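Okay, so chain A shows up in both of these, paired with chain B first and chain C after.
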Partner chain A sequence: MNKDVAITDSFGNFFSFLIQELKPRGPWLTPFNIISIPVILTGVGILVYRFIHGLGSVTNLSQETPWGLWMGFDVVTGVALAGGAYVITFVVYVMGVDKYHGIVRATVLNGLLAYSFYGAALLFDIGRPWNAPNPYIGNSFGFSSVLFLICWHFLLYMIAEFVEFSPVIAEWLHLEKAKRFLKKLTLGTVILGITLSILHQSGLGALFLMAKPKVHPLWWSEFIPILFFVSSIYAGLAMIIVEGTVSHRVFSRLIPEKHHDHFDDIVFGLAKGAAITMFVYYFFKALLFIHDGQWDLIVDGWGLWYLVEVIGFVLIPALMFAFGFKHRSLRIIKIAAVMALIGIVLNRMNVSVICYNWYADVHYIPTWQEFVVTFMVIFSELWVFRWFVTRMPVFSADH
Partner chain B sequence: MDRRGFLKTSLVVGGTALTCNKARAQEQHDPEEFVGILVDTTRCIGCRACEVACGETWDMHVPDVLNDGALEAHRNTSENQFTVVNKFETEKGDVFVKKQCMHCYQAACATACPTEAMKQMKGGPVVWRGNKCIGCRFCMVSCPFDMPKFEYNDWNPKLQKCTMCFERLEEGQKPACVSACPTDALMFGSRLKNLEIARHRIYSYPDKYVHHIYGEHEVGGTGYIYLSAVPFDQIGFRTDLGKRPYPEYTKEFLYAVPMILFGVPAFLLGINALADAGRSDPESEFTLEFDVDKEGARNE
Partner chain C sequence: MDSFTYVNIFETKGLEYLLLLCFWGLFVYLIKYLSTPDKKGNDSS
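Here is the complex of A and B:
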């Protein structure tokens, strides 16, 4: 019997197909499930409590530190780590480099889910989420606000990512005609997506431009939007290496054999790209440091912390990427990728939370509830990611 | 022309010139239009009548001034108190300093707000409007004086800060704190006039005051301006905020947005055409007419 016809024939059939697909598959008691289910349930409980008793009841936010772990990690850091989608779509669709075609679907799905979940996480963090449509409707447009820009870009970018991913959904539903049509939209949405990414990756840095007196001078710069943009490129590349490595282990059976060998080749290419962008970023950092004459700031604990970030987690992984590429060592490249990601987390957390109000006597430390909710967001994203890749042809080679 | 005629004519001419000036001034956002409050810390006796008046007017925390001993510690404004008076021990004895929203001439909080909930009203006061606010707290991050306060322990939180008694101003009254001040340490009026009064006091008593008016140039100028007998960093003011209006820090970035929004797609389409991406995977690409022509030429 022709499955395509059966599914598209009637709504009833489609519905039962959907129910079938939504049902869990595979073993239940995996280590990931055992850890993630309690975390997600606790997180939901914390959020219910938060919406009854206010943000102060579960977070350590204060009048001096209005943005904490949720804003700093889920939004500012998470978006940087989701930068892979715009970098890879640029290389594959704009530059026409076919070599990376095999990882486009997984990367775009990652980007789409990251933005959806971080957008949702933002709703827990803002105090009056029922007013969240205000930046989009009515007469409440704050055109002079960087955050207004980011609000719009989040929405538009999610739509662009969804359109980029939609051929996979059409393939899953066996809608050949729709798939062909949606594929035609790809280049247009890719170009829109790259443009939006350049703007909101740098825009997240621009959020802190007016916080000049509060962010430690080693981390504040007028060029912070450019620094955020450049670092998001290698953040995305490093994330693809790490995420791809994990996927190839966890979802091994879903990935065609020839793809496995091909992936190593892809990693070398990504490592080269990451090494170059990291050197550029390091050069920018060094230039700003020398230009602003910040030698006297380097002597205290904050200076040391700055060196840990810039030398330990930018320069060293950059050298490791270059070394690993030259000597064909996947191991070194993968370690470098993890270090580069730690460097990104450090940088974003330093700007938005750790070095914010650095002179204060009492410093903000997140509560356990803030950590649980952060892990809840990450775990639920992974759950949805797993659902997508086990149902839809995300890793398949024939596209 | 007799003397009276001369006076009359000059008055008329002068008056016309002034009105014309005013018309142009409106366009240029002249500070004359802006109201503010002059705080002369040498006159403040620390009675905290302003705190009480503010609390009563806004139905918020009304301090028990005689018994709470609050001057012992340096306090900050809070979500329950728009203004506080702090005591500083200096070489010239105890100095009392009132603290509240400075009502910046170009307010960072209002620029930061994605929904115009924080808004500068005509005439200068910066007020918060709950029906627009999403509670993102970007105003708090952006404010150089850390003034907006968030109700962290409420399911429906408000952002609280001094409004310069905007409603009272509309009714022609003075802000509650100014009306309550027994020593004229607080003076409400046009910002330019307040600056003149402040300068006049410094010129008249050059030994009494430091020759600096806090808020004249800080962060591009503020509605509240301060006079002091001791350097401002000794009485709890940040002196490292600079003279640049804070909205200007994001101006260049925001100006670049439309350029990137239209420039980058053109650039990317150009690269795509050069890379001739359409050839490698024609199905997944949006085919440019240009490519079709070329294909046609190739086939011939």
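Here is the complex of A and C:
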């Protein structure tokens, strides 16, 4: 193809191609743009202020509550929601289930961007962000900290996901030889990525092991790493259902016809997986509840809140997934997926923010600036995701 | 002769064993339930 040569034969051509691709496409005045642009600009302003005047100037964080919305949502929750990438790559490349091949690229891209943005968002929440590279450069490595493991896993997993996604970039740049080479790396990086994912998804839970006196006993358990890992599986599956449904509407023209037809079948398969995983997770929670003899804790407001999370947003969506799969109801499955995502957000926020220091007289409530910055991170990720899918063959039929 | 004493299920592992038995029973049922999707309805939304 002549275009191959045109793009890559000289730096000048490549540069002009890149400039061309960076230019905005499509109408500017869309509902998403109208909402997201002011939020992103306000968020940037808040962050400039935060880095000049410190965390206390824009957040309600304190010595007693050092982790707030940014850490709780962007990092602890966001990583769980990005779990779809390792689940799908495992199913497609390791188990060899080709049915889900059509959604691998979009899911990996989603995971890569989620980790990049949520990892970057970690810098907002660190009091002394210039110390962030320390775990990588050997300045007080901190081997004994779970965060050391998480830092390295985040970095390695982002590299693994980039390698998994790199054939798409090579295809975009019409580099056929590079694409063939990069595709050969896929299986190895997928296996590395799955290993890293299992460890850091559970590692995020392990962060709270040492906070036993601070986390409400209904949410704290010595098995919290396993709970975090198992819940990340169905969080990822639910996220793929929701994200895929939205993508199939918003980017409808970019998706080949055969993928459109095939997508319902994929959703049913994901729902089945989510139902089984949530069922296991629910019984694991119940077993821990009984094992720890927490009957006395269930009678107050915290107990009710716990039941809302575990029954309302785990058991009920699990049954809905099973019912939706059995009776081929996409509507029920999609509602269940949204409920499952709410359940994951609730669980992670409960562990890291809401039920943290639950006995304190004054509870932490995020400032409006913290909410704006959180939405800024989400909207920025969506902007970049949109840029990728409208330029690169993410939804391509043949790969 | 020793009198018979009831075992308090809350003070033993009894409830945990019962829960696990329930889990395995329901898990097998769930897998069987999900193995044959109903072909009738398909409401695409």
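Assume the second predicted complex is superposed on the first by the 397 of 399 C-alpha atoms of A that agree within 3 Å, B and C clash if a C-alpha of one lies under 4 Å from a C-alpha of the other, contacts with A are read in each partner's own complex, and residues count from 1 in each chain.
Everything below uses one rule, namely that a residue touches a chain if its C-beta (ideal position, glycine included) is under 8 Å from a C-beta of that chain, and two chains touch if they have at least 3 such contacts.
Predicted model only: the values in this text are computed from it and were never measured.
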Chain B versus chain C as contact partner of A:326, first or second or both or neither: second
Partner chain in contact with A:350 - chain B first, chain C second, else both or neither: neither
Chain B versus chain C as contact partner of A:110, first or second or both or neither: neither
Touched partner set for A:380, first chain B, second chain C, both or neither: neither
Which superposed partner A:369 touches (first chain B, second chain C, both, neither): neither
Chain B versus chain C as contact partner of A:201, first or second or both or neither: neither
Partner chain(s) touched by A:286 [first = chain B, second = chain C, both, neither]: second
Footprint overlap on chain A, comparing chain B with chain C: none
Of chain B, residues touching chain A in the complex: 76, 78-79, 108, 110-117, 130-138, 140-142, 144, 146, 149-157, 238, 240-242, 246-247, 249-250, 253-254, 257, 260-261, 264-265, 268-269, 271-272, 275-281, 283-286
Touch list for chain C against partner chain A, complex: 10, 15-16, 19-20, 23, 26-27, 30-31, 33-34, 37-45
Contact set on chain A toward chain C in their complex: 264, 268, 272, 275-276, 279-280, 283, 286-287, 290-291, 293, 295, 322, 325-331, 334
Chain B-facing residues of chain A, complex: 51-57, 59, 61-64, 66-67, 90, 93-96, 98, 101, 126-129, 131-132, 134-135, 140-142, 144-149, 151, 180, 183-188, 191-192, 194-195, 198-199, 202-203, 206-214, 222, 225, 399
